[in-house]
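Shared between the two complexes below is subunit A, which has subunit B as its partner in the first and subunit C in the second.
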Partner chain A sequence: MKRYLKLVNFEIGRFMKIYLVLIGITILSQLIGVIVMAKNYVANANEVIFVDSLPLEQFIEQYGEMGMMDVVGSIWFIGPIALCAAAFIFYIFFIWYRDWVGKNTFIYRLLMLPTSRLNILLSKATAIFIMVFGLVSVQLILLPIESMLLKWNVPFDFRIDMTVSEIINNNSYLFILIPDSFIQFIINYGIGFMVVFILFTAILFERSFRWKGALLGIIYCAIASIIFLAPLIYEIGFEASFFYTEEIFVIEIILGILVTAMSIWLSKLLLNKKVTV
Partner chain B sequence: MIRYWKSISIILVVILAIGAFYIQAAFAGKSNPEFAITTKSGDETVFKNISLHSNYQMDDLIISTEGSKYQDELSYVDRLVGFYTNSKIKQLQSDYRSFMRGKGDITELYEDEGILAYAEVEFKYHRGEASDFSIDIEVLDKESKERSAFTVDVPEKKNYNYVYINDVRVIDGTLKVTTTNALRSDQFNSDEVHIYHFNLTEQTLVKDEIIGAEQEGKHGKLDYVRLMNDYDELSGEKYLVFEMVYVEDINLEDENLHPDYYPEYIGSEFLTYNLETGEQKRIEIPDEAEQLMKQMRDTPGEIIVNNSKLHFIEVTETGLELIVYNIENGETESKQSVEIPKTDMDLQMNWPMFKIIDDKLYIVSSQIDRETQSPIMVADLNSGDILYVGTVEDRDSGQEKEIYGVNIYDLVVD
Partner chain C sequence: MIEAKELKKRFGRKQILNGVSFTANKGEITCLIGINGVGKTTILKGIMNLTPMDSGQILIDGEKMSKDMYEKITFIPDAITMIPTMTIAEAMQFMQDYYKSWNQARATELLRFFKLKQEEKISSLSKGNTAKVNLLLGLALDVDYLLMDEPFSGIDIFSREQIADVFTSHLVEDRGVVITTHEINDIEHLIDKVVLLDNGVVLKEFRTEEMREDEGKSVVDVMREVYRG
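And now, the complex of A and B:
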């Protein structure tokens, strides 16, 4: 256990610099985005109302009020989220391959540690989970701050105030990251982490058998997806609806756990028996 | 511990932020108003078993005399299953779980004391075109729990673009499936309504009838044929009633016509189909009803088939015009003007919904505002008197209601 925690901390520490940069970009881009958009809106309002002497009501009718939904839909906001998502998809691979590159391959030392090799896999996965949740938390903390910033920059008559939940519920991609029900939250991230474990297994296939392994890895991804999606493939493929919705729900939970367990078990096997330095 | 400070601080932030968000969401909830149907005048039992499928400020809810049930109060799985699932379907699914697998469409089901029957159109879909139509039939004997199933090809299936089911009935061991078949032709009117008769013991197709085939339209060109019976009625009615809609007979290929021009409505004919004898009969509806039909193209109104009677309902400036026509003897049974107080005549703008339950006509406003006095009215079909008035109130804020903007989609009998 202690070894595992040490490894998790070690993995987080190794990514810390990039991680902090990602968080920094997110904070800066989103906060600057709020200010820039608010200033632009107010400047436009000033010009239209004072120069073109359009009444306030008519201005709002034409241009709409400013609210967090405008900010959340802008590139200032989505950009850094997309960047973080891309970085973490890349990191799923990088977290393994970087141990193999360089002169003194680091993986050699990792594999020689007097601990179960499964711990290496679990610690890498855990590090990713913790940091992903960390980014979600940063977003949750940023949202009220951004709302406040918007309030300071846009006069009352021109803005729509929204609570954090309202902002999230009105935006489809934020709603996937932070759904309104906790069960949905667990389901969304459960699926995400299942995918992480499937990819880890595919990477270990490649590390074990190189070119042939890469092919095996792709085949494994396909098999895992087919197993997980089996009920849906059946229903769509045969145009038959056999299962009740609640049954599909339970079956999918079981299949998800099954695929994750299968991936971890296969990874353990590969790490213990086949992986080459 | 000190060595782990980076990880520990991330975990702390995660637990605090995500934890706070979901705990706050769980406790704060939304303070949804507790709407309930309350009786303003008359007997409250007429409102006991009805509920209103409605919407209030982005939230879907079901309002009954008990109070409100909001969609977001449902458990996760219940929400997946669906909020507005037909209560009859729900009941059948819990009573006959195995038989009801994959059968969610009430129009394709039939139920009486002895059996539960189901018909479904199967087809192949290739390059955007459906073909090779057949009808799957499944019957459950409620007593013996025995299931039988068979499939019969749709006769002359090559002629059709699509086939869909309007109604399923079983009479004396014969299953009658009413379908709309679109003909594979470029002609203007290309729908046919068929009634297929299946012998359930021999599992064969015994008859293929076309509704209104021999009818020579007294005016214009036949536009479409429509089944008027309530789609979610599972059994009971003796007649199926079809409306045959006629439009002016003009050549649509005429180049002088605007490309979007749609031929003008001329009139409707009604055709009854006696489910027991299989007799098709064109009925002569009274002139007043015909007049109502024409007006109803622009004003709210409805025609309801109930208990072998046709009910023509039109919203007027002072209330409703109600004509009840008896299919059995071909006579106008009653002709009433339902008086509705002036204050409630915002009904006219609100396109009310009509339902007949136990020989009483329910009139429900599709939108309930602060000013709406009587959103639910129940009228006697014979006398046309308003017997009961119900309203929707926010229980929490007491009698001094302050509600607005409740939209009603449907009135449902539980």
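And now, the complex of A and C:
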């Protein structure tokens, strides 16, 4: 356990510089975005109302009020989230291959540590999970700050005020990142973590059997996806509803746990018996 | 004692090891000799469970390899097994964090012996000094067995001498060492036992002292006989 925690700390430390840059870009882009968008809106309002002499009510009717919904739909806001998502998808692969490819032989050291090789796998996955939750937390902290910034920059008559929960519930991708119920949270992140373990297994197939392993990895991803989506595929295939929503939910949770457990078990087997440096 | 029994390994269509068997005793230096590509490194990786064998058995003091064995046996590959951006001090700290067998006093002694500065980054070291750090990280573990892959390859003459000196010092004494090399001259006088490999099999296994006393042949003489026919 101690060595597992040390490994988690070590993995996070290795990605910390890039991680802090990602957080920095998110904070800067979103805060600057709020200010730029608010200033542009107010400047446009000034021009239309004072230069073109359009009454305030008519301006609002024509241009609409400004709110956080405009901000969260902008590239200033979505851009850094997309960048972080892309970085973490890349990181799922990078976290393994950086120690293997080229002249880097750090994987020798990791595999020769006097600890279960499963700890190496779990520590890498845990590092990813912690950092993803870290980014989501930053986003949660940023939203009220951004709302406040908007209030400071756009006069009351021109804006729609929303609570953080209203902002999240009215935006589809924010709702995926920060669901409003614990069960939805478990589902969203459970699926995410399951995908991480499936991809880790595919990577270890490739690292064990090289080209043939890459093919096996792709086949494994397909099988795991089919198992997980089996009830939905079944219903769509037969164009009928065999299950109640609650039943589908329970089946999906069981299948999700099954696929995750299968991936971890296979990864452990590959790490112990097949992986080749 | 390290026992390798009937090791077989195939990479693609090439049969690298085809029933390799040998033993390496504690307190002795055993040298695996063979031309490049003969499977010397694969054997060491096989012992450390870094490359699985297709068949055969490897025992260390009668036991199969397990995670706890990494406190008892270590492998020093021909490339450094640490992150290049680490300093030597950070690399030593990493080892101390994970290995109970890490001996910091010995690591400090080796730092002095190799004239290395612990604040230096691994990536900024010369090839010779990188090899010395690699050696340090392995030798500072209080393990019973050391596996070394080509410790002299591509290193300047002075570094080679320094590394060769390690073999005669207390740093290696009492441990079992398995070393691979195709440059025998540097260490011929240090070796206790030789395993000559070719075409995936052991051509000859002999003790150097017995060979010298009984047949009056050096390792190089035997190599000539075996490889040239």
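Here is the rule we use: the second predicted complex is superposed on the first by the 275 of 277 C-alpha atoms of A that agree within 3 Å, B and C clash if a C-alpha of one lies under 4 Å from a C-alpha of the other, contacts with A are read in each partner's own complex, and residues count from 1 in each chain.
Note that contacts are C-beta pairs under 8 Å (C-beta built on N, C-alpha and C of every residue); 3 or more make two chains touch, one makes a residue touch a chain.
No experiment lies behind these values; they were computed from the predicted model shown.
Contact with subunit B, but none with subunit C, is seen for A:M131 once the two complexes are overlaid on the shared chain. With both structures placed on the common chain, the touch criterion links A:I219 to neither subunit B nor subunit C. Applying the stated contact rule after C-alpha superposition, one finds that A:T105 touches subunit C and leaves subunit B untouched. After overlaying the two complexes on the shared chain, residue contacts for A:I145 are found with neither subunit B nor subunit C. In the superposed model, A:A261 makes contact with neither subunit B nor subunit C. Once the two complexes are overlaid on the shared chain, A:F242 sits against subunit B while remaining clear of subunit C. In the overlay built on the shared chain, the residue A:I75 is in contact with neither subunit B nor subunit C. The touching residues of subunit C, counted against subunit A in their complex, run 45, 48-52, 67-71, 74-75, 77, 79-84, 94, 97-100.
Residues 3-4, 6-7, 10-11, 13-14, 16-18, 21-22, 25-26, 72, 76-77, 80-82, 93, 97, 101-102, 104 of subunit B are the ones touching subunit A in the complex. Of all residues in subunit A, only 5, 8-9, 12-13, 16, 130-131, 133-134, 136-138, 140-141, 164-165, 178, 180-185, 240-246, 249 touch subunit B in the complex they form. Partner subunit C is touched in their complex by these residues of subunit A: 3, 6, 10, 14, 103-106, 108-109, 111-117, 272-277.
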